[in-house]
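Input: one structure, supplied below.
When the chains are written out, they are named A, B, C, D and E in that same order, and each has its own residue count from 1.
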Amino acid sequence: MRVEESIMPKANSDEIPAVPLTIEGYSVLHQMMRVRWSAWRQLAAADKSAIVDEAAGVLAAMERDSAGPSALFSLLGHKGDMMFVHFRQSFDELNSTELQLAQLRLADFLEPATSYLSVIELGLYESTIKAYQDLKDRGIEAHSEPWKREIGEVLARQKEAMHPRLFPEMPQHRYVSFYPMDRRRGEARNWYSLPIEERARQMNEHGLIGRRYAGEVRQIITGSIGFDDWEWGVDLFAQDPLTFKKLIYEMRFDEASAKFAEFGPFYTGVHFSAPQLGAFLSGQVPALLS
Amino acid sequence: MRVEESIMPKANSDEIPAVPLTIEGYSVLHQMMRVRWSAWRQLAAADKSAIVDEAAGVLAAMERDSAGPSALFSLLGHKGDMMFVHFRQSFDELNSTELQLAQLRLADFLEPATSYLSVIELGLYESTIKAYQDLKDRGIEAHSEPWKREIGEVLARQKEAMHPRLFPEMPQHRYVSFYPMDRRRGEARNWYSLPIEERARQMNEHGLIGRRYAGEVRQIITGSIGFDDWEWGVDLFAQDPLTFKKLIYEMRFDEASAKFAEFGPFYTGVHFSAPQLGAFLSGQVPALLS
Amino acid sequence: MRVEESIMPKANSDEIPAVPLTIEGYSVLHQMMRVRWSAWRQLAAADKSAIVDEAAGVLAAMERDSAGPSALFSLLGHKGDMMFVHFRQSFDELNSTELQLAQLRLADFLEPATSYLSVIELGLYESTIKAYQDLKDRGIEAHSEPWKREIGEVLARQKEAMHPRLFPEMPQHRYVSFYPMDRRRGEARNWYSLPIEERARQMNEHGLIGRRYAGEVRQIITGSIGFDDWEWGVDLFAQDPLTFKKLIYEMRFDEASAKFAEFGPFYTGVHFSAPQLGAFLSGQVPALLS
Amino acid sequence: MRVEESIMPKANSDEIPAVPLTIEGYSVLHQMMRVRWSAWRQLAAADKSAIVDEAAGVLAAMERDSAGPSALFSLLGHKGDMMFVHFRQSFDELNSTELQLAQLRLADFLEPATSYLSVIELGLYESTIKAYQDLKDRGIEAHSEPWKREIGEVLARQKEAMHPRLFPEMPQHRYVSFYPMDRRRGEARNWYSLPIEERARQMNEHGLIGRRYAGEVRQIITGSIGFDDWEWGVDLFAQDPLTFKKLIYEMRFDEASAKFAEFGPFYTGVHFSAPQLGAFLSGQVPALLS
Amino acid sequence: MRVEESIMPKANSDEIPAVPLTIEGYSVLHQMMRVRWSAWRQLAAADKSAIVDEAAGVLAAMERDSAGPSALFSLLGHKGDMMFVHFRQSFDELNSTELQLAQLRLADFLEPATSYLSVIELGLYESTIKAYQDLKDRGIEAHSEPWKREIGEVLARQKEAMHPRLFPEMPQHRYVSFYPMDRRRGEARNWYSLPIEERARQMNEHGLIGRRYAGEVRQIITGSIGFDDWEWGVDLFAQDPLTFKKLIYEMRFDEASAKFAEFGPFYTGVHFSAPQLGAFLSGQVPALLS
């Protein structure tokens, strides 16, 4: 495809719709917080103790909530001191969580630095192309009622089959790398102008790299189009943080990433358990209890 | 159209003017606010109560004002805690509203995070082309007095016919997604260099997607050229926030969006009723009362 | 062959200098301020009264100073609450004004949000081309002493003829839209690489649109190359703010704007008179007294 | 034909993998801090003394820790007053260091301005190409188990041979220049789309310049893909700061830098020894004790 | 040179090195400060007096120091209220100056807004090409020991001849315009990919414009590659600020600027003498005493 061609009205080779199907799971909120260390240090030991007890209790309950768990991270560098990651059943529950945390006495010692709102998402390129092509072969018009019914059935089947990946347990690795990203919509290179088959091919190639790291890294992709400032948010979890660098560096050379991925800021954290909150606030690296 | 052509002096195929007619309704101000939670929590219950009563009273009256209603949202994430959306008859009334809110005792516990100033706008591509072509066929010169009179009549007719969409009631859906956007004026791709017929074709294609979501989402387009930093501000209202993602993702593939749309930050909120202000400030997810 | 040759008409057709002559009038400072509403509301009524009296007195005198007037605006949205616009005879006088305002007791309740420094400017494309061509035809070398003398005479004549536009009265319309802008210096499109005749043609086309709005809008162009971060600052004044949108939208399609204009932030304000300062600070929309 | 084919030599000539091998050493954290001078000056001499003693003791121990040293710098300009550079064995140790420093009484007088998280990295372009080509010639498929085993052996050998460069002593030069950088992933120029042989050639050319400055400057390259917002962070250490300018200016002309390097902010500092902390805080340029 | 050609490996026409020689003089620090006017106004007259006396004494001594003078400016607009410009013999002396100023009682009323670190620099395009070509003609290999010796002699000769321009007195004009800038390293236009002869030609053309303004403006170029975020910082000094606009506007059309210059923020100030500090802080425009 030449430059001029990418400016031509695009035509998916087979005139099937351009939009890949996606299925969604947990609503997710990342909250990056700075600790007001000076104010904290000035507290009497008893006050610290009471504040930690209240917060650790609430956070430990959130950690254990299998219907929508939370996790705590000690962030490296100045972008924040703590990160909370919340998996919930709905945006109302996420809003409830952040309002509840804002009422803790601990909140007087936390300053919101940034946040990210998204939902766990699986893109279904292969099933999409198969379903679109099949419906086309059967002469069923795109977006007609029967088409929508059949697509709805595909989505329902996939959503059920993928349930554990849409509503996962919180990974229990020691390190996290979180970053938002876009697919480029530049003047010459535009992901959204590529035919769906080409996007599927590139995403497949992209996925092959990830699969080579399967034993070392756990990846959770969340979609945020319409919710936050980037299109996707990615969490990587690993026991060795070098894995983040190796995986993302290798991916930087695949076509989907080299040409079309744009990355936001990276947040690197150390996962710890709520009962370790007091240790963290007293200056010790907090542990992840198993 | 190839790259080189877009750099040539553009010529609308029929030499009709390039500017689509628009009609305008309510003046609109979005105000995103952070709550000073620490200061708020330190208030005595009686003070909180008095402050909530004063503010909820003023806001409830604004909500009910059918000549120019307001609405309240609990925002998700760090970009703000509350968003006010005001529909008014004029910029003076908007200014009056913000000055009035700044006098509330509640204002001591709110920090302006950002805002957006715009007016509800309908673009009339199809009527424009028809009217311009008709006037041309009748030999009436563009921008002459008779031309202006006839265009004025088209605008008046449309403004009357579209009155309910220009001065709408505040949508009563549970969720909102607000974002500003531009049409690209890049080096190679420039919306404003396209012939009006091509823009009309793309906007029509764009609108077809929106229409497929008509039952699930209510969209209000506001124009802000000359008022604020982006060209348009868009509010989507829905009962299920996933609709925002599905709609905007699908639109990302249409030509007008894939090639020409540039998006600002997204604000996602939960709509609630003014009498629920106290619940919100005490850490509960506030309800939208019907 | 250079990069831009492949995409745009080359060099100045007649080898006359590329730089259009400009003449300058008032030095101008825009000051955007936030009001510290909480601190203000906590003042006793007598203190408010004394502070308003002091400031309104100083500002009213500035408003009335025909040798260099000031104006006050209530800004819409979070970018600022008040905007001062000062027209002065020199940068020293502007500096004097801002230092004087910083000494007011009111200044304790104002926070500078942003500002813009520029001078009223008229670009003389047509006279420039005529003068340059005439001097060339007479064999007078560009930048020689006789050339400079004759150009100096052109400038002096124009400066006298344009005196009322270089040192204007402060417009007394209800609304203002202020924004800075650049002419693009991109990789493919570069205003400064166009021949002067082509720039003159585009600026003329651009001006024709403005002239159609002459009765509804008053425009003051200020130049800020070498003074502030954009090349120009534009003030539009009108009785109906929709005029700003209509004018700027229409201009967005002319060649000079569509291809070469880059816009900074927009500030929209309501003009009011200094004696209304107390009303403004008590939460009322202040009036423009005539 | 794809976009980049028209502008650059295609695909890896020999179909060997695109990713150069890297080996990693110390985990590194740069912390840029502002001093709250006003608050500091208001302390009684005895308080200053106690605070300096506590902090200088902790920092001096970190300076001397041969298993992972730290260093202190007095920064020039407003970007920060002090910079700490920490070399550690792991991200947990880095986190421990920053939490420990946040507990110092001195921390009440420091504000984090920015930071950078990375690991010391050596890129092995030449060994990579040799190993990839050799394995290919022997018919061993990329990413197969035997391939991974042999690559693992290459890495282990290199890591041992390069140990002193991966876990270096802290350079003892007077000046530092720290900056983050990316390799461009633009629309027309994309480092990650170049064949590995071409990247190796350019990096070799790039390295030749560095080698000419070997006696004057000590360079430590750290990788931060997956950890922080740029791909690499570079520390230059020299006795004469002009060396920074000469080296980086010269590199700006080599192909890898001219076409592909994008630079973040630069931080310039004066290296000093922990026992000089009191001198620094009393307004003297602190010395680097040997 | 066509677009594609600029992407090919560049070859300087004669294979002489690409890097122009530069010579350096004073180390320079610009410090932009905001005055905390509210806090200042609340001081008792005696305190103000003592603080002004202390600071004015220190600053007056710096002004008069012929081995490395400083200057004070009252800035226009919100970017800062005061600017200090320091010329010094080394970065240690600059660091000493900023630490010394931070100890003044006045520093409690100043907030660092921004700063710029650089060294006075002269680029020697013409001598460079002559020397490189001469050495090449004599068969002396670039970067060989004899080559370095001869280049070192050229630099030493130039440095001596240019001493007054490398270590200038502080200009005593009333107005200053300071701005940082880069030479573009874009995808299609890249200063560093041009042959040195072409760069020399453009810089010469650029310099001719400057020379036409020689009587009206004094220009000091500082280099900041490796020290701060832009490549150069430029100070213009003049008795009439319109000169800044005219000079920079005219330069915007020369090839080096139109195609390759990228500009940072502009700071415009009024030069004043240290003994006028009290006048300035009491709200009067301070004078430049001669």
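The rule is short, and it goes like this: a residue touches a chain if its C-beta (ideal position, glycine included) is under 8 Å from a C-beta of that chain, and two chains touch if they have at least 3 such contacts.
Note that the coordinates shown come from a computational prediction; the quantities given were computed from them, not determined experimentally.
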Identify the chains adjacent to both subunit D and subunit E in the sense defined at the top. none
Quick one: report the Å distance separating subunit A from subunit D, using the average Cα coordinate of each chain. 28
Please work out the Cα centroid separation of subunit A and subunit C, and write it as a whole number of Å. 46
Multi-chain contact sites of subunit A, meaning residues that touch two or more partners: 3, 187-188
Pairwise touch network: line, ring, star, complete, or other: ring
Order of the ring members, counted from subunit A so that subunit B is second: A, B, C, E, D
Quick check: in the complex, which residue numbers of subunit B touch subunit C? 4, 7, 9-10, 18-19, 22, 24, 29, 31-32, 91-92, 94-96, 98-100, 102-103, 107-108, 112-117, 119, 143, 185, 187-188, 190, 192-193, 223-229
Footprint of subunit C on subunit E - complex, ascending: 1-3, 6, 35, 37-38, 41, 74, 76-79, 81, 175, 177, 186-189, 212, 236, 241-242, 244-250, 252-253, 257-259, 265-266, 268, 270, 280, 282-285
